[in-house]
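Please find the structures below.
In the two complexes that follow, chain A is the common piece, with chain B as its partner first and chain C second.
Then we have the complex of A and B:
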């Protein structure tokens, strides 16, 4: 494997061929935020918070899925990047309800953490009706609160690629898009047993371990 | 593309063949029945969620039987900016149902659709295959009265 030389935020980085911009940046401890990315999963590049500016490119590029190419000059915190990243987080926050804004569970929500980190204001965008869902507690291993879901699809990837179960799919369209089981059915123990792998990948607490009966979460 | 990616993602060919099957079902049954989705998923080795997902994504595929007259109001941006919301409300008032429902007598189905390419006639709708543009509440009442 040959090496590629890139420049990230003014620093010379030598990466291996095939590495993504995100991986190259992490070699030198340049932090690029991500929500839908996990090193264990195939990059889907759908949350858009990891966007970076590449000199000469027409648009911003997702760092988690764009391969680093020899001679690339990359900015991870330019004004253009930060403006886009803040707007993306604002849009995600507008479709994300839940106690993370005020409650003790704040620390479980990566989106909320990222919003803090970027020092964005309150969302300018209106919340949309289809983004509210009742909490699903049919399954003793996975509790689903889809109002918190930001459609990052990590649970789909984890179920497919790691658990090899393929329980989740994505249905509907636009604001109404939702991670579903079969025909948007409850997650019963018939389709999903006890692995709970998806919970570890959820960045917002939309998936969580149910509280023990009679206990405190 | 690595092997894992090849194994787990729907290939373009699979997607195309799935969509063709769903369109056939829509044509034959007037909607895509649950049993058909389950059977197709089994035949193609896909999770049911993937088949249901594709069916619900497309405005012209339906997961429930539709009535004699299918009203499809465009909800894309140009129609929205020409007050499609008012048209949606006036259809709802005329036939007493909201988008996603059928009238009890099976005469009307009320749907919202993505762009139908009639932006120059916004707000626009399809009544079965017939295009109606430059809609107003008065025009809606007239059009629907003609539906026997």
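Then we have the complex of A and C:
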């Protein structure tokens, strides 16, 4: 495997061929925030938080899925990138209805942490109606609160690629998109057993372990 | 006669159900020339020098695309004809499919020969189901004639999603998946349908191939402007006396199309390129139609003075929010947030900060979205903001006044 040389934030980085920009940046400890990316899963590139500026490109590129090519000059914190990243996180926060929105100290939600880190400030964007779905507790192993979901699809990836189960899928379009089971059916024990791998990958707590009756989780 | 009929030369003249009528009008001569006088590399070179650019909207150089796919070493290559004409106000491909299907089949046969594809798909939008039988008939007759010996053409019907006109979502749809944009790279010429090198061309692009091969690239280069060669089909609709499909040489002024040919009067603005197309105000009506200025897919919608700018922008955004596939954040949430802001402006509840918010949001959607839908969704908003800023500011002033009446300042 040959090496490729890229310049990230002014630093010369030697990466292997086939490495993504994100992996190359992590080699030299340049942190690019991500939400939908996990090193264990095939990148989906849907959250657009990891965007970086590549010199000569018309648009910003997702760092988690764009392979580093020889001679690329990459900016991970240019004004363009930061403005776009901040607006993307603001948009996600606008449609997100978890406890983290009001309770700053929960420290559970990756999206909230990222929003704090980027110092977006007061929300400029609103949604006509926020996502609101009833909490699903049909399954004794997974509690689903889809109002918190930011559609990063890591649960789908984990279920498909690691557990090899294909329980989840995406339904509906646009803002109404939702991670569903079959034809938007409840997640019953018929379709899902107790592996719970999706819970580990959920960044916002939309999927969680159900609280045990009378006990502390 | 300002119209220059190259693609439309057979439309309405020959019987689209009979291959003999097409053959009598120089049909399949280009195919024979390509097959017997030229090597695949020469065909690709001919298209490359002709300067033909994609007619679907993005305007990518056709020859370059073919060259990339030709270079790829793979056991299987695919050719897809994009007949998912979902763009709002576009009906030029329908006209070709309906009145001259053999030109398209000939173009497909030449393109497949050039890149070395053994299988071709015609991705027909669901609403064009009624054209499927005619197209099937054309394919069968061409096969009987012996012009499709090494190529298998399948008609694949869509399921009614706007996003499936976008090349990567289109491939997902053919693969049987949910139609969603893929990230690029890898680009389709290297890894497309089922991970194989794939060429996706618009109906009109492929219909341009036979005349170019037959008459030579130099003939084609003489038509049009420096960066836009050849003719283009325009589908004109909206507030015009004579809506329909017109063919003009690229670089012709917009005025010639909408006023002289289609008979528009009292124009306020013209949208060129469909739902995500650019807006040309009446004062710039002489703008030439070319890739350098404004073109898109060739859908031209005329708005007269009776139309309200913000209502139009709201309706467009409503459409785009509905048709967003929901994969990437800037498009999924951005179109929704944009609708919220413009919706408030139209109902008289706008705020001073709204214009700044629209501009910031547009910038993000343009830079970060995965595919053309999200990237271009804000073009009508930004263009109207540029040319009709007064309309926006008036709405905000009215909103402030309305709130003051309610005592909510």
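Quick note on the criterion: the second predicted complex is superposed on the first by the 212 of 217 C-alpha atoms of A that agree within 3 Å, B and C clash if a C-alpha of one lies under 4 Å from a C-alpha of the other, contacts with A are read in each partner's own complex, and residues count from 1 in each chain.
Just so it is clear, a contact is a pair of C-beta atoms (placed from the backbone, for glycine too) under 8 Å apart; a residue touches a chain by one contact, two chains touch by 3 or more.
No experiment lies behind these values; they were computed from the predicted model shown.
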Simultaneous placement of chain C and chain B on chain A, clash or fit: clash
Which of chain B and chain C A:161 touches, first, second, both or neither: first
Residues of chain A touched, compared between chain B and chain C (which is higher): C
Contacts of A:180 with chain B and chain C, given as first, second, both or neither: first
Contacts of A:170 with chain B and chain C, given as first, second, both or neither: both
Contacts of A:127 with chain B and chain C, given as first, second, both or neither: second
Chain B versus chain C as contact partner of A:138, first or second or both or neither: neither
Chain B versus chain C as contact partner of A:42, first or second or both or neither: first
Chain B versus chain C as contact partner of A:91, first or second or both or neither: second
When the two complexes are fitted on chain A, the stretch of chain B hitting chain C, from 26-34, 44-52, 80-88 or 134-142: 80-88
Doubly contacted chain A residues - partners chain C and chain B: 169-170, 172-173
Residues of chain A that touch chain B when the two form their complex: 42, 160-161, 166-173, 180-184
Parts of chain C lying in touch with chain A, wherever the complex brings them together: 161, 178, 180, 183, 185, 321-330, 332-337, 339-341, 343, 353, 357, 360-361, 363-364, 366-370, 375
Contacting residues of chain A [partner chain C, same complex]: 43-49, 51, 59-60, 62, 65-67, 80, 83-84, 87-88, 91-92, 94-95, 124-128, 150-151, 169-170, 172-177
Contacting residues of chain B [partner chain A, same complex]: 2, 4-5, 8-9, 34, 37, 47-50, 52-53, 56-57, 63, 114
